[in-house]
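Structures follow.
Common to both upcoming complexes is chain A, partnered first by chain B, then by chain C.
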Partner chain A sequence: MTELIETAADLEPSTRKAFRRLILSIADSKRLLGIRYSDWLLGAPSIEAGIAASSLAQDEWGHARLVYSILKEFDEDPLELEHQRSSHEYCSADPLDHPFPDWAAVTAGIVVVDGALTVLLRGLGEGAHQALSGRVAKMLAEEEYHRDLGSAWFRRLADSRGEGRERLTAEVAGMLPPTLDAFFPLDTAQERLVEAGVLPASTLLRERFRDETAELLSLVGAEVPVDTEPPGDWDPVRGRGPGHPDEEAVERARGDRNRALFVE
Partner chain B sequence: MPVVGPPSSSDALPAHVVSHASGGRDLWSAPLSESPKDPVSAARACLQEVLDPELPISVVDLGLVYDLSVEDGVVQVDLTFTATACPCMEFIQEDIRDRLLQERWVRDVDLRVVWDPPWTRERITEKGRRELRTLGVGV
Partner chain C sequence: MLERTYDVFARKGRGDALAHIGYLEALDDELARVYAWKTYDEERWFEMIIVPRSAIIAVNREDGPFAANRETAGREGGA
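Moving on, here comes the complex of A and B:
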C-alpha cells in the first residue's frame, strides 16, 4: 500500500516539482474557468442560465482557493504564487486562454474542461496526499450541479439543427485535445506522481473520462482518445501548450486592481 | 409632534425573525461569572448562540461544527461551511471567535476549517429544520 503523504515537503525533489505543477494546473484552471463563467452572468440564453453561470463561477473560485492553499507546503511564498505570477507562468489549460465566445463554448467548457477537472479531482481523492484528498469530496459534491447543467445544455444544443449544434461541435473538437494534455498528461512528471501514489495513471483517468462522457460526446461525433502523444510544442514546465491566458483575465485572477485592499 | 427616530433593526424584519445583527450578537448571553465545570458543554452553548449571517439559525443547528474540545482555556473548533465559496466564512469565524472570547474562562480560540466529510443538508439538526421551515426554507 502507498504511504500517505502528509506534506509535499516529504516528496523527493522531482516529484515535488511535478506536484507543484499539478496544483497550479488545477488551481489556475479553476480560477480562469470561474472568470470565463462569470463573463456570462448577463447575456446567457436565459436569466436562469446566467444565474447558474454565477453559481458555477462562485464554486470554481472556492475550489481554486482550496487548491491554492496546498501551496503552503512548498518552499515558496504561496501568496506570491497565487497573486504575482505573470500570465506566461500560468499553468491553466489552453482552452481557458480566451473568453468563451458564446454559450455553446460555455457548454463545451462545462462538459469538457470542467468535466475532465472533476475526473482528475476524483482521482486525487483516491490518492495519498492527505490535505488534497480531504478537500476533494466537497468539491465533487458541488461539481455534480455543474455536470447536470452542462449535460442538459449539451443535449439541447446537440439536438438543435442550426448554428448551436455546429458551434458546440466545433468547440468540443477544439477543447478536447488540449484539455486531455493538460489534465491527463502522458509525460514523465505525471508518471512520478503516479509512482508516489498521488493519483492514478493518466491513461486510467482518460478512460474514466471517456466512459463518463461517451454518450454525450457521441451526440457531436466526438470521442476521448486514451493514448495521444504530447504535442511537439508541449511546455513540460507548465504542463500545457506554449500559449498563455489573456492579460485582462490574469489581472482579474490575481486581483491586481484590489491589491491595496487585499486581506488574507 | 412625536419624534420619529430611525427604524430599529427589528423594524425591518418579519415578526418571527428576531435579529439580523451579525451572528445574532444582540442576543448573546452575558459571560459566565465563573469557570464552568463542563467547558465543552459551555463552549457548545456559546456556539448555539452564534447565528448564520444569512439565516437566523445557529451554526450548531446548521451542522457546521464538526468537533469541539477545550484544553487550558483554549477552545478548538473544527468548523466546515455549506459551500467552498461561502461568502460568510469570515463573518462566521469572527462571530464564533468573538462569542467564545467574551467568556472569561476562554483564553484563546483555535478554529480549524475542515472539508471532510463534506457538509450536506442532512447535518442540519431537527431543531434547525423546524426553525428553517418557520422561515419558509424547505429542508
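Moving on, here comes the complex of A and C:
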C-alpha cells in the first residue's frame, strides 16, 4: 500500500516539481474556467442559463482558491502566485487561453475541460496526498451540477442539426487533444506522481474520461484517445502547449486595476 | 426551441412543508433540474422539487398563474 503523503514538502525534489506543476495546472485552469464562464453571465441563451454560468464561475473560483492553498506546503505564498505571475507562467489548459466565443464553446468547455478536470480530481481523491484527497469531495459534489448542465446542453446542441451542432463539433474537436495533454500528460513528471501514489496513471484516467463521455461525444463524432503523444512544442515545465492565456484574462484573475487602486 | 415553465418547491428541513419558492423556464426537465438548484441556492435545502406548470391543476381559483389548466383538466376529467 502507498504511504500517505502528509505534506508535499516530504516528496523528493523531482516529484515535488511535478506536484507543483499539477497543482498549478488544476488551480490555474479553474481560475481561467471561472473567468470564461463569467463572461456568459450576460448573453447566455436564457436568464436561467446565465445564472447557472455565474454559479459555475463561483464554484471554479472557490475550487481554485482551495487548490492554490496547497502550495503553502512548499512555503510558497498562494497570494503571490495568484496576484503576481505573468500570463506566460500560467499552467492552465490551452482551450482556456481565449474567451469562449459562444454558448456552443461554453458547452464544450463544460463537458471536455471541466469534465476532464473532474476526472482528474476524482483520481486525486483516491491518492496518497492527504490535503488534496480531503478537499476533493466538496469540489466533486459541486461538479455534479456542472456535468448535468453540460450534458443537457450538449444533447440539445448536438440534436439541433444546425449551426449549433456544427459549432459544438468544431469546439469539441479543438479542445479535446490539448485538454488531454494538460490534465492527463504522458510524460516522466506525471509518472513520478503516479509512483508516489498521488494519483492513478494518465492512461487509466483517460480511459475513465473516455468511458464517462463516450455516449455524449459520439453525438458529435468524437472520442477520447488514450495514448496520444503531445505535440513537439509541448511545454513540459508548465504541462501545456507553448501559448498562454490572454493578458486581459490574467489581469482580471489577478485583479490588477482594482488592487492598484484600493488594496496595495 | 420552446421553453416550458416549471414551478420550484423546496423545504429546509425533513419535517417542514414544501413551499413554493419560485419558477423558471427551461428547454427540458434535465436543464430545469440544474437551473432550479443553481438559481434558488440561497438556502441549504433539504429537498427541492420542480413541477412543469402545465401539470398543475388549480382546484379552487380561476385566476392566477396556476389556473391556466383548469378548463382543460375539467374537460379531461369529464370525458
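The working rule: the second predicted complex is superposed on the first by the 258 of 264 C-alpha atoms of A that agree within 3 Å, B and C clash if a C-alpha of one lies under 4 Å from a C-alpha of the other, contacts with A are read in each partner's own complex, and residues count from 1 in each chain.
The definition used in the following text is that a residue touches a chain if its C-beta (ideal position, glycine included) is under 8 Å from a C-beta of that chain, and two chains touch if they have at least 3 such contacts.
Just so you know, these numbers come straight off a predicted model, no measurement behind them.
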item: Contacts of A:A222 with chain B and chain C, given as first, second, both or neither; value: neither
item: Which of chain B and chain C A:E48 touches, first, second, both or neither; value: second
item: First (chain B), second (chain C), both or neither touched by A:L117; value: neither
item: First, second, both or neither for A:R135, with chain B first and chain C second; value: first
item: First (chain B), second (chain C), both or neither touched by A:L149; value: second
item: Partner chain(s) touched by A:H63 [first = chain B, second = chain C, both, neither]; value: first
item: Overlap of the chain B and chain C footprints on chain A, listed as residue numbers; value: none
item: Chain A - residues contacting chain B, complex; value: 58-59, 61-63, 65-66, 134-135, 137-139, 141-142
item: Of all residues in chain C, those that touch chain A in their complex; value: 1, 3, 24-28, 30-31, 33-35, 37-39, 41
item: Contacting residues of chain B [partner chain A, same complex]; value: 80, 83-86, 114-120
item: In the complex, chain A residues that touch chain C; value: 46-49, 51-52, 55-56, 145, 148-149, 151-153, 155-156
